[in-house]
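The following pair of complexes shares a single chain, chain A, combined with chain B in the former and chain C in the latter.
Coming up: the complex of A and B.
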């Protein structure tokens, strides 16, 4: 039971890191980015092939077959940093193409195309990513370093690692939020022509947000890969990407705490909510369907009655000047059509 | 104003949209510290001129010189950094942000919005923000918006949005402002407020280029007026002088003043 709770909490922490990256890209800069989960996958793959076991071992269930050129058996931290570098630079490349002139739907379509390309490369490239089989037996970070502790101790170590990563990402994004850079991004979301008229380079600011979000996705993906200890093209699907969007809607677009709450609800609480119900014989698909229905109803309800999300975006308020940043006590409403 | 230093000079700019010749030969010059009007019938190319001067459109040909530097074809944000701020025909506030945030965003950033500073120069940023806040409060007080400073800018009334626009310009204190029909669809009381705001800009030494249809207002505010018709600048002078120019009467004043 406690093992199970720890495992769930770990997943929540990783998902929280992942959702924060999308919040920078979509919640602040405002571009509807459907490629985000592809960057999570790229991060996961990069770490997986760097820390993974080399090919050609005696046991095909432990080591991938010959012909796989990676599997470098690196330690986790440099691998995760490389993964962030890879997702950051790929974000810069995609952003340089897609963010310069494309807006709205056209931008979204371009990011979908990118996602399909990435999926194809991962599932067809054998020498780098082991094709459709994917990477398995990914070693756990610090497991050997800690002289192979028992599972329970190790799970505590891993959850600590995830917590430290989330804390760093959270603090940095909060600083960004309060800074002139974060405010510039949110102004671009509201009206990018007005931002340009006041001297903001809209393209560069969006590109920066895209790269920062991409790096966070890379970190989240790295942790996800080692948490699952295997990664292949079927481990991620567009539907997961939409769940993260749903989490942002639900929690409160733009608010870091809000989106963390949203992701916990969408990816943990709703899936777990039906676990304690009695099982129906010959109806194994009932509860999964119920979960999806529950998630859908919840999102509709929030959009109807609380469109700003459970915890709305905060503002650099002035009436409590010394406190500086506070959650509004009364929900501030945007005028219709905002 | 023959002696004053020319701050903004536009010579022979042209702009086509496909087959539509929006501006054929636009020219004007704005001496430093003055308010210059740009009038003309709808479709004369006034707004296209504003778009080209402010960098939102690149002219097909011609030169735009701001403070001795050619700026034609430069992107809008670079023009803004050189001290030229423009407004739009409808107020363009950042509607999902608060009035105070709108003011803070309008302040000259001087590179403070670089992403790395958010992490490595937090103390300096906070100090700068406190100064900006104090100044924003003063200006909002002046424009009667202080009580609304933590409301969403999008929830203000139309008139308050116009005033916020001027408060943002004052916050920025640019070298030159292009006002694109600031009195369009505005009631007489608010019109007086806006006129006061423009006088306030003049007193702050800000150079103004004003596009407007309300002629009495233009006459009071502007030292010099240019008339555009069918994409071409056809005359320059005070309104009294322009009333004597047959081409101007044919193109614009005849119609407007007959109605008035």
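Coming up: the complex of A and C.
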């Protein structure tokens, strides 16, 4: 029972890191980015490839024979940093392409296209990523360093590692939220033209948010890969990314604490609630499908009845006189072309 | 040489299917201003509706009609129950895009829960390929292309020569102005969803007939290709969509000859991204913005 609780808590911590990254992109900058989970996957693959042991060793399961990984056997921390660097620079590249000229819906289309391309590259490249079979037996961080402790102690160490990572990400994003940069981003989300008129560089601010989100995704993906100790292309899809969106809408867009609450509900509580139901042998897809349907209905219901989410975003500069005052969202005027 | 002409011939069949779906997307987008991410899954719905009909009563015409009716009603219902509600509250367009993506998630997984993830087989009378000039088509391919051409012609006639098409063009240009001039814009928008849904259902049916076996995610995978064709043609332009479909369809099949066929979708996406960057209004620039004709 305690092992079960620990595994759930670890998963919750990792998902919390992942959702914070998307919150920077969507909750603050307001870009409907469907490629986010691709960046988590890129982070996971980068780490998996870097920490993997050399090939051709005595045990074919631990040391794959054909040399499909680099065999660097790096420690976890530099690997995770490289993973963040890779996801950050790929975000910068995609952002430079997609954020410069493209309006919301075209941006979303471009990110879906990017996701499909990344999926195809990973599932077709056997040399580095073992194609659709995926990478497996990824070594766990600090396991050798701690002289191979028993599983219970090790799980506690790993949860500590996740907690430290989450704490760092949380503190940095809370600081960014209050910083002038965070305020600029949210002003862009509310009204791009007004923000530009006040001298903000909309493109640069959005690009920065995109890169920060990508780096957090890379960190989350790294932890995810070493936690699961295997990773393959079917483990992630645009659908998985959409579950993270469900978490953000539910918890409260833009609010870091809210989205963490949301991700716990969507990725832990909803899946675990079907764990105790009887299995149908002939319908292995039934429960995953029902979970996704539940997530979709949740998004629609939240958007319809509580668009601000469970914990709404704080408005920092609300004074007493204007605290109850909200400018109603005007219907979007039609912007022709891209 | 025959490899290339065969690929072009095959690309034209793909383009025919693509054209029907793309015209539906682009027409609906230009009139209602809603980018619909559920379009691919509505195609899946049409394909499964046809499959289910085949189980009960194997008749190709009946299957097509069921696919068209189911998708048209779903599309209209989606607008009526969800999209309109959000639009009336002045929800931002990007949130409406999220709503359609949520519908896509729900629809795709409902089909998965009901039929399972294993591909289902769509049985069709066997057809032998024959040579038509430099191309090699089966009679089924010919039927698909004839069907697509008829749909394109009907779109042209409706948009150009009927009062409904005229009011569609008016709503597409400016809904407020259309309302002021006495056009029932809500009715035009509802009918557009119905019509786009019907064409999407037909596209789902002919795609299913063309590939023979499909699973619940096949429409979503095709959505990106549709969007690529729509953007290449200039989103919101019915004739541009036809050109975009032809270009993307042929490019995909011809590239499959030279590089792995696994990567043929990548070719479509690369064209999509290139067009978005270099010529975001599409290859044929619109005479005025947001025109449907």
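Just so we're on the same page, the second predicted complex is superposed on the first by the 285 of 338 C-alpha atoms of A that agree within 3 Å, B and C clash if a C-alpha of one lies under 4 Å from a C-alpha of the other, contacts with A are read in each partner's own complex, and residues count from 1 in each chain.
Quick note on the criterion: a contact is a pair of C-beta atoms (placed from the backbone, for glycine too) under 8 Å apart; a residue touches a chain by one contact, two chains touch by 3 or more.
Here the structure is a predicted model, which means the values were calculated and not measured.
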{"item": "Partner chain in contact with A:175 - chain B first, chain C second, else both or neither", "value": "first"}
{"item": "Chain A residues touched - chain C or chain B, whichever exceeds", "value": "C"}
{"item": "Touched partner set for A:193, first chain B, second chain C, both or neither", "value": "first"}
{"item": "Touched partner set for A:292, first chain B, second chain C, both or neither", "value": "second"}
{"item": "Touched partner set for A:108, first chain B, second chain C, both or neither", "value": "second"}
{"item": "Chain B/chain C common contact set on chain A", "value": "332, 334, 338"}
{"item": "Chain C-touching residues of chain A, taken from the complex the two chains share", "value": "30, 32, 34, 97-98, 101-102, 104-106, 108-110, 112-114, 116-117, 120, 124, 238-239, 242, 245, 249, 283-286, 288-290, 292-293, 295-297, 299-300, 303-304, 307, 328-332, 334, 336-338"}
{"item": "Chain A contact footprint on chain C (complex, rising order)", "value": "33, 35, 37, 82, 85-87, 90-95, 97-99, 101-103, 105-106, 108-110, 112-113, 116-117, 220-221, 224, 227-228, 231, 260, 262-263, 265-266, 269-270, 272-273, 276-277, 280-281, 286, 289-290"}
{"item": "Residues on chain B engaged by chain A in the complex (per definition of touch)", "value": "54-56, 75-77, 80-81, 85-88, 92-98, 100-101, 104-106, 108-109, 112-115, 117-119, 122, 125, 129, 133, 136-137, 149-152, 154-155, 168, 172"}
{"item": "Chain B contact footprint on chain A (complex, rising order)", "value": "172, 175-176, 178-184, 186-187, 189-191, 193-202, 205, 208, 212, 313, 315-319, 321, 332-335, 338"}
